[in-house]
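Take a look at these structures.
Two complexes come next, and they have one chain in common, subunit A, joined by subunit B in the first and subunit C in the second.
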Partner chain A sequence: MVLGDLFTSRHQWENVDKNPLPSDVPDVDEVGATSAPLVSAAFYIGAKCKPYNDDFMLCKDENNGGSIECLKEGRRVTRCAIDVLRDINKYCFDEFKLHYECLEQENHRLGHCRSSEGVLSKCIFNNLKLEKKIPGVETQIHLNENPIYQGTSKDKKKTAEFLRAREAAAAAPATN
Partner chain B sequence: MQDLPPIGGYEPVQWKRNLPSRGFRPSIYFWGITGLMAFGFYRYYQGVNEQRELLRERQWARFYLEPLLVAEEDRNLARRYFSEKARQDLVRESMSEETKAKFDEEIYNDKSKLRFPKYTAGVHPSER
Partner chain C sequence: MPVPFEGLLPYAIMTAFFGLAGHGVGFVRYWDNGWKKDRFDLDQWDERMMNRDFLLTGVRRGQSSDPIAPESFKTAEVKLQKYYSPYSEQYFSFRERLYRGYVTGNWDFS
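Up next is the complex of A and B:
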């Protein structure tokens, strides 16, 4: 017994329940992405998975929280999100990485990563035909050419470097 | 006897005050500062609008992620709920009849809510 034991906050609370879900509930993979990639892909997940997301949220609304009742809809939501992330990783991995690393550095402020976001959204529109759109407003803030709050120039620099490296990579086989 | 003016006359009298220049006309200062302030307010409210839109963007990013995060958390809650149900059934098997009746008594009258199993304390640190 040490003095610290007198403080209740020192007591370590433990959740020992490690049992899996019952076998009649189908398995589903978890998304497993960290916050920055999720924020980066949020609008594309929202664009692609809107029906599933709405279905899930309506189910929860109808069932008073519905944590037990809406497992099926929840699995669909997760599968759809995984699909979108897999597609983004397949077609636009480098751009995606550029953007989420910027978000990671810039405290998840989307306004500070516009250059890399432009590159990413272009790639995603070309390959997946998904578009970022903020509902409810005419002026889409991410399309603002000349914003007041721009953050640092780090993102611009890194994006320019990225584009230069890509151009060099594209030109190299042509010269050979 | 009277003094006469000096030969060649008196020097001209300086009747105009010789004050240093005070800058531009006041109206120029007035309109200049007004213009500067107008520009400042214009930029400020532009910035306010932009901050609002940035916040909106952030919120919509969260709204789009919400079902995904909630679904994951719900699976965890459901897992613990079913596990607790199974544990309670297991405990119930080894009970006498009157204990079982007491055990099965509803704690809450409100049936509209799903009551999740509570966290339980682990063993005391000194016993670990």
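Up next is the complex of A and C:
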């Protein structure tokens, strides 16, 4: 591959930041969760991080969308989201996984994964005291007992299986 | 008079082969998505998030719930390179139609 060598392979490519931020700007980790877990956790992140998010948006409004002025607020938003994700992973890993895998199968449509969402929200409320609340609507759709989209049978089956396994795991030590 | 079964054989064969083709393509697509169903009706946000997922996991349609991204993610980027080919603007892959909502009728004509 002579041409390949000449045009592409001879370039050294290194994954480093050529123009790093000045040292007075503190380092912040990036959120590592991908799209489906983020969709799944979005309302809980919103519930926990509302003050930081509002602060960030206020800063953006006041500074004409300033990307330099709002770095501090942005770091707080990122850190808060990371905290929530870490907590969810710590206390509700399996429920979280159940829900975001369902979302991934169902084109990220929350209406098709209500069974697993119920399990996840229960776990998160019990452990983290966070509650999903959709702002600015009359009825909270996820609490509707008889919604138009009933969810997929696959999600219901997997959730039922999950709950059964959970019960069996809870009952096993008691019998021993 | 009942229809002799020989008369229905062509229909059986047609049904079988159409079914094989359809389910075969469906199976290949499901497999190609990493044993997941297709995404569809994607907007710019979704496509951006899918590219971000690719940078984080290294595979298409991969998901991870890690709270903190690896250090390399901070500077990772993918540059899309295009090369000239005739009719490249006219052609339209099925996956692209599905993504943009052509298949489900949610096509954005703007």
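The rule is simple: the second predicted complex is superposed on the first by the 157 of 176 C-alpha atoms of A that agree within 3 Å, B and C clash if a C-alpha of one lies under 4 Å from a C-alpha of the other, contacts with A are read in each partner's own complex, and residues count from 1 in each chain.
We adopt the following convention: a contact is a pair of C-beta atoms (placed from the backbone, for glycine too) under 8 Å apart; a residue touches a chain by one contact, two chains touch by 3 or more.
A quick note: this is a predicted structure, and the numbers were derived from the prediction, not measured.
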| item | value |
| --- | --- |
| First (subunit B), second (subunit C), both or neither touched by A:100 | second |
| Subunit B versus subunit C as contact partner of A:30, first or second or both or neither | both |
| Comparing the two partners subunit B and subunit C, which touches a greater set of residues in subunit A | B |
| Contacts of A:17 with subunit B and subunit C, given as first, second, both or neither | both |
| Which of subunit B and subunit C A:86 touches, first, second, both or neither | second |
| Which of subunit B and subunit C A:139 touches, first, second, both or neither | first |
| Contacts of A:152 with subunit B and subunit C, given as first, second, both or neither | neither |
| Which superposed partner A:126 touches (first subunit B, second subunit C, both, neither) | neither |
| Residues on subunit A lying within both footprints (that of subunit B and that of subunit C) | 15-17, 30-31, 38 |
| Residues of subunit A that touch subunit C when the two form their complex | 15-17, 29-38, 82-83, 85-86, 88-89, 93, 96-97, 100-101, 104-108 |
| Residues of subunit C defined as touching subunit A within the complex | 36-41, 46, 49-50, 52-53, 56-57, 61-70, 72-76 |
| In the complex with subunit A, residue positions of subunit B that touch it | 43, 46-47, 50-51, 53-54, 56-58, 60-68, 70-72, 74-75, 77-84, 86, 112-114, 116-117, 119-122, 124-126 |
| Interfacial residue positions of subunit A with respect to subunit B in the complex | 1, 5, 10-17, 19-22, 25, 28, 30-31, 38-39, 42-43, 45-46, 49, 52-53, 56-57, 60, 64-68, 70-71, 73-75, 77-78, 81, 109-111, 134-137, 139, 141-142, 144, 147-149 |
